[in-house]
Amino acid sequence: MKRTAQLLTFFAVMLLTVVAFAAEPLKIGALFSVTGPPSFLGEPERNTAQMVVDEINKSGGIKGRKLELVIYDTAGDATKSVQLANKLIKDDNVVAIIGPSTTGETMAVIPVVEKEKVPLISCAAGSKITDPVKPWVFKTAQNDGLAVAKIFENLQKNKINKVAILTVSDGFGASGREQLKIHAASYGMSLVVDDTYGPKDTDMTAQLTKIRGSEAQAIICWGTNPGPAVIAKNVKQLGIKLPLYMSHGVSSKKFIELAGDAAEGIILPSGKVIVADQLPASDPQKNSLIGYVQSYQRLYGVEGDHFGGHAWDAINLLRRAIEAGATTRETIREQIEKSSNFAGIGGVFTFSAQDHAGLTKDAFVLVRIKGGDWQALE
Amino acid sequence: MNLTDQLTQYILSGLSTGAIYALIGLGFAIIYNSTGIINFAQGEFVMFGGMLGVYFFHKQGLALPIAFLLAVVVTALCGVIFERFAIRPLRRPTPMNMVIITIGGSIFLRGVAMIAWGKDTHVLPTFSGDEPISFAGATLLPQHLWIFAITILLIIGTKLFFSHTISGKAMSACAVNRRAAGLVGIDVRRMIMFSFILSSAIGAMAGIIIAPLTMTSYDVGVMLGLKGFCAAIIGGMSSGLPTVIGGLLLGVLESLGAGFSSGYKDAVAFVILLLILFFRPQGLFSRGSSERV
Amino acid sequence: MLEVKEITCVFGGLVALDKVSFTIRPGEITGVIGPNGAGKTTLFNIVSGIYSRTAGQVLFSGRDISGLPPDQLARLGLVRTFQNIELFGQMTVLENVMVGLHTKSHCGILACALKLPWHLAEERRIRARALELLDYVGIADLADDSAASLPFGKGRLLEIARALALEPQIMLMDEPAAGLNSRETWELGDLIRKIRSSGVTVVLVEHDMELVMDVCDAIVVLNLGQKLAEGTPRQIQDNSAVIAAYLGEG
Amino acid sequence: MQRELLKFALFAALVLVVAPLYFQGGYILNVLVFVGINTMLAIGLNLLLGFAGQISLGQAAFYGLGAYVSAILTTTHGFNPWLAMIFAALAIGALAFVIGFPILKLKGHYLAMATLGFGIIVYIVINEYVDLTGGPSGFPGIPNLSIGSFSFDSDMKNYYLIWGATLGVMLLAINLARSRIGRALRAIHDSEVAAQVLGINARLLKVQIFACSAMISSLAGSLYAHYITFVSPSTFGFHFSVELLTMVVIGGLGSIYGSFLGATLITLLPEILRTFHDYDIIFYGALLMIMTIFLPGGLIQGGTLAWNFLRKSWGGKGGADA
């Protein structure tokens, strides 16, 4: 009697679990810096992630299973990111996390996800996120090193070998500066001036005056709005005629709007998203790009950018993994690692056990600003 | 390009940044002198000025001068509301409580701006073109001249206001001794409100005149406020020339710092400030006096 | 005991004290009087190390103490009270006196934070001594009241008890009778004499002439920053220059 | 004296026994660990601000220095973490002692400015000295604390570790407040001149307490670094100094339990306000203002008022029964 009751309870519980499991949406966590200094990353990322998840759910979910996206704002703070990653894992019980937006926050979160064994797809660019490879950590943003390589190739082509670099003193700039220094030698570049500016600085004429007094043949500026726009204006004010290169950190229309005339002629590496319409039809990414840009425009009234693209790629990687039958943390991790030839926004991703970043330098194109718009250089 | 030209450029750049710090510092000093409050929301007034300027110019399509005026008036109105609902209700204000209230106020105002205008950075067109002007081997933009001109006008204006109008004199009296001023029939509350109007309006102007050069967004207030606060302290919290010189000095120190060691430029500026404080604890320009018991 | 030598003090352009010299003999009660603005309080502030002098010298038991900070002077045995009694309003009456016993106790931050046994013993000793002192000035019953709630007269007594806690050799009192009613003033006179008889030299700045003439053994008269006269109460009362200064003021 | 001890024992029991039982595991425990860290920091600042009456807008610098010294010594140079923690606290205490002399000579807003400047300088150095600190991208891979083979690697273990330390600091601060040093500090707060005239070496005492408060902050920083295992400069910026100031003032100046209340409120507030999404910043600002306007003496004052009211009405009833 007692035994039967036990057995019955057991089956009842099992049944309930299965039913609940099938009916319950799959929970995905997201950590974005929606406010705080990196909100230029976090906001488009959040918008994009929400947009993609809504689209998936509207079309009936993945194999009938809907997704639920739990988004928390980290405000660009590493401590908060760690706390919120814990919250996602322990309270919300998510199967995977996308984000955080910045390298610093990602580095802070890595020990947590490694310990709790939850797959993380970071939207930050720092190459140390996946180098060395950590089992549970992936990233969709292109490594800064790839952007640096693009710029140096172009400089080589123009027979320039003395450059001045001006980087912002935050995570983005520090990572860029590190990569510029690492790659300089292999491209035969000498960095004759290595200067920085603060993320909230309002005037960079002092640094540029110093550069003007040096023998630099080109200036590479590594930062995110609004600093580079100020620099572009300062360059014009000081009458500096050297070619000015920027990073992919300013590859949004906002930069052209802020810098105005001073933006003309600036060259920068960018994800293909800003020149989607100029790509040849044969480009494997073209469909994804055009689709993304248009739906973002429809929903939020502005063009989808490079940064939102990182979230697009992250969610779609998860979608592919779930489509392949993965519903647990462990299986999702395995499926992501097996992803190959996924043509996303940031490039064509092919992951492996040795490579959790999945991109090559073809992920970047070099563009020039002309007439207030982007122009692909190649 | 030789070293003197470089130096001239550093100093000119520093002066133009410093002029803005001076204006913001003036706002701090005016409120401090009439109320004894260090208004940590001062930077937010600057931000409001810039953002409202952008709003009226870009969103409402008004002419720049009208957008300028409206932005200043609306910011001053915000100053009044802030004083009325956040500063005045506290019955027995201690300096510490006031610090927290103004910090709360600055967070609140930043939030309002973020919700109202989003997190994007915005820019205003320069007042009169972008053609650089050469001056003794250095270059300036016409906007810099506007900054200098408006700063000088405002300084002269406040000076005249404090020494030649009844309200100004009444405010100076409040600064010296609030209780005594109350006893001789000055409406101290109104003077406090006046000081908030004045400093928020000055802050707003600073915010608008730099927006074409430095851009503006909902979070620029913190750093600008901090620098303005430093300027005011170097000037010994005087609502006159010393604070202006404090601002200019800070600007030039920063610019020179950036010219020689850009990563540490703020550190250089602050180390010098600390040294100044250690050796001239009454501020740079006031004469030493003994403390009364 | 205390020797003031050609003390000069200039604020901006204003000469507050001009070469003032006098000597205070041990075991006496000396009054410093003078019309408003004579420089009495400035003199006290200089002697007790709060203001810095422009020129001159202060000798205490033959040692040059000019320019020493107030806390060192206090430890040497020179204490003072203030015209607007400076009590610690956040604390109880007893705690105020215990602060006065600071120099009579020695536990450091660590000993206090860890409540080491000798700290507890010291704390008990201080508490007992503080109660004695309150009893001495007659306000032991108020020990646990908040100092801020004391009426002015009792506050004055507390300030004196607190100063006595340092076991001073010399005590400077700045207008101790200010704000007291006549009964309190009369009791204060008795207390000052009691303090003197316990071996403490007393100097007081005072406007209440009745009190000054009653308790003082010697009087120094200041006017407009200069010493006008010096002598016994009887001599001062007969001094025509002093009378002129006071009448001139009135 | 006895009642004070009883109060503390009750509080400690609540923190160490009741809270972890109630919030087993989960995210809230993680937040409560931060309440512990912030309580410790707030007490450190309160010693300076609430007792001695000296403002500091650079407290985050000591917190950051503690975290980075621990991080660098253990990770880069392989020191024992406990040793590194003690070394950090001593070194930073010594640093505070040295700079305390010129800084604490200043008063009022000059003091605020000088401490703020110090905080900014430290922040810039941490941010710029990339070779040593990893710069703006942070410093990863700090080991957890451990005793033998027992490693403090979970929220629960760290909860006990950090709250143990915080309760220790709390007890020391309570003892200090009721000693000759505490009285002398409050005397300096009320009137520095009057305190000096009573033989208190105000300058030395202020500097000593400044160093103590720096050591407490450094300790909190070390614990933070070993708990999160990652540090980055943005955690230790000006805004955090201001946040600490807010905790102390909102909690109640000069009250140790007030610091706990303030730290709790300011740490939990973002969690509560999270439901408002982007609007949380507005609520946060408004709440700071409203709290200060209606409870100028801080939470502890509000708590005392409520407690007295309750006791009075309860006591009244008890009397009627008898």
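Letters are used for the chains, namely A, B, C and D, taken in the order the chains are written, and counting of residues starts over at 1 for each.
In the analysis below, a residue touches a chain if its C-beta (ideal position, glycine included) is under 8 Å from a C-beta of that chain, and two chains touch if they have at least 3 such contacts.
On a predicted model such as this, the values are computed, not experimentally measured, just so you know.
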Smallest number of contact steps required from chain A to reach chain C: 2
Most distant chain from chain C by Cα centroid: A
Identity of the most central chain, Cα criterion: D
Mean-CA-position distance for chain C and chain B (Å): 47
Centre-of-Cα separation between chain D and chain A, whole angstrom: 36
Where chain C and chain D are represented by their mean Cα positions, the distance between them in whole Å: 40
Rounded Å distance, chain B centre to chain D centre (Cα mean): 32
Set of chain C residues in contact with two or more other chains: 50, 82, 86
Where chain D touches two or more other chains, by residue: 128, 193, 278, 281
Set of chain A residues in contact with two or more other chains: 35, 169, 196
Residue numbers on chain D that touch chain A, as the complex places them: 25-28, 30-31, 34, 127-128, 130, 135-138, 140, 153, 155, 224, 228-232, 234-235, 270, 274, 277-278, 281
Chain D partner contacts - residues on chain A that touch it in the complex: 34-35, 72-73, 76-80, 82-83, 86-87, 90-91, 103-104, 107-108, 110-111, 115, 126, 128, 169-171, 173-175, 178, 196
Residues of chain B defined as touching chain D within the complex: 32, 38, 86, 89-97, 99-101, 103-112, 114-115, 222, 226, 229-230, 233, 237, 263-264, 266-267, 270-271, 273-274, 277-278, 281-283, 291, 293
Chain D-touching residues of chain C, taken from the complex the two chains share: 48-50, 69-71, 74-75, 79-80, 82, 86-91, 95, 98-103, 105, 107-109, 112-115, 119, 122-123, 126, 162-163, 165-166
Chain D residues within the chain C interface of the complex: 172-173, 175-176, 179-184, 186-187, 189-191, 193-202, 208-209, 212, 254
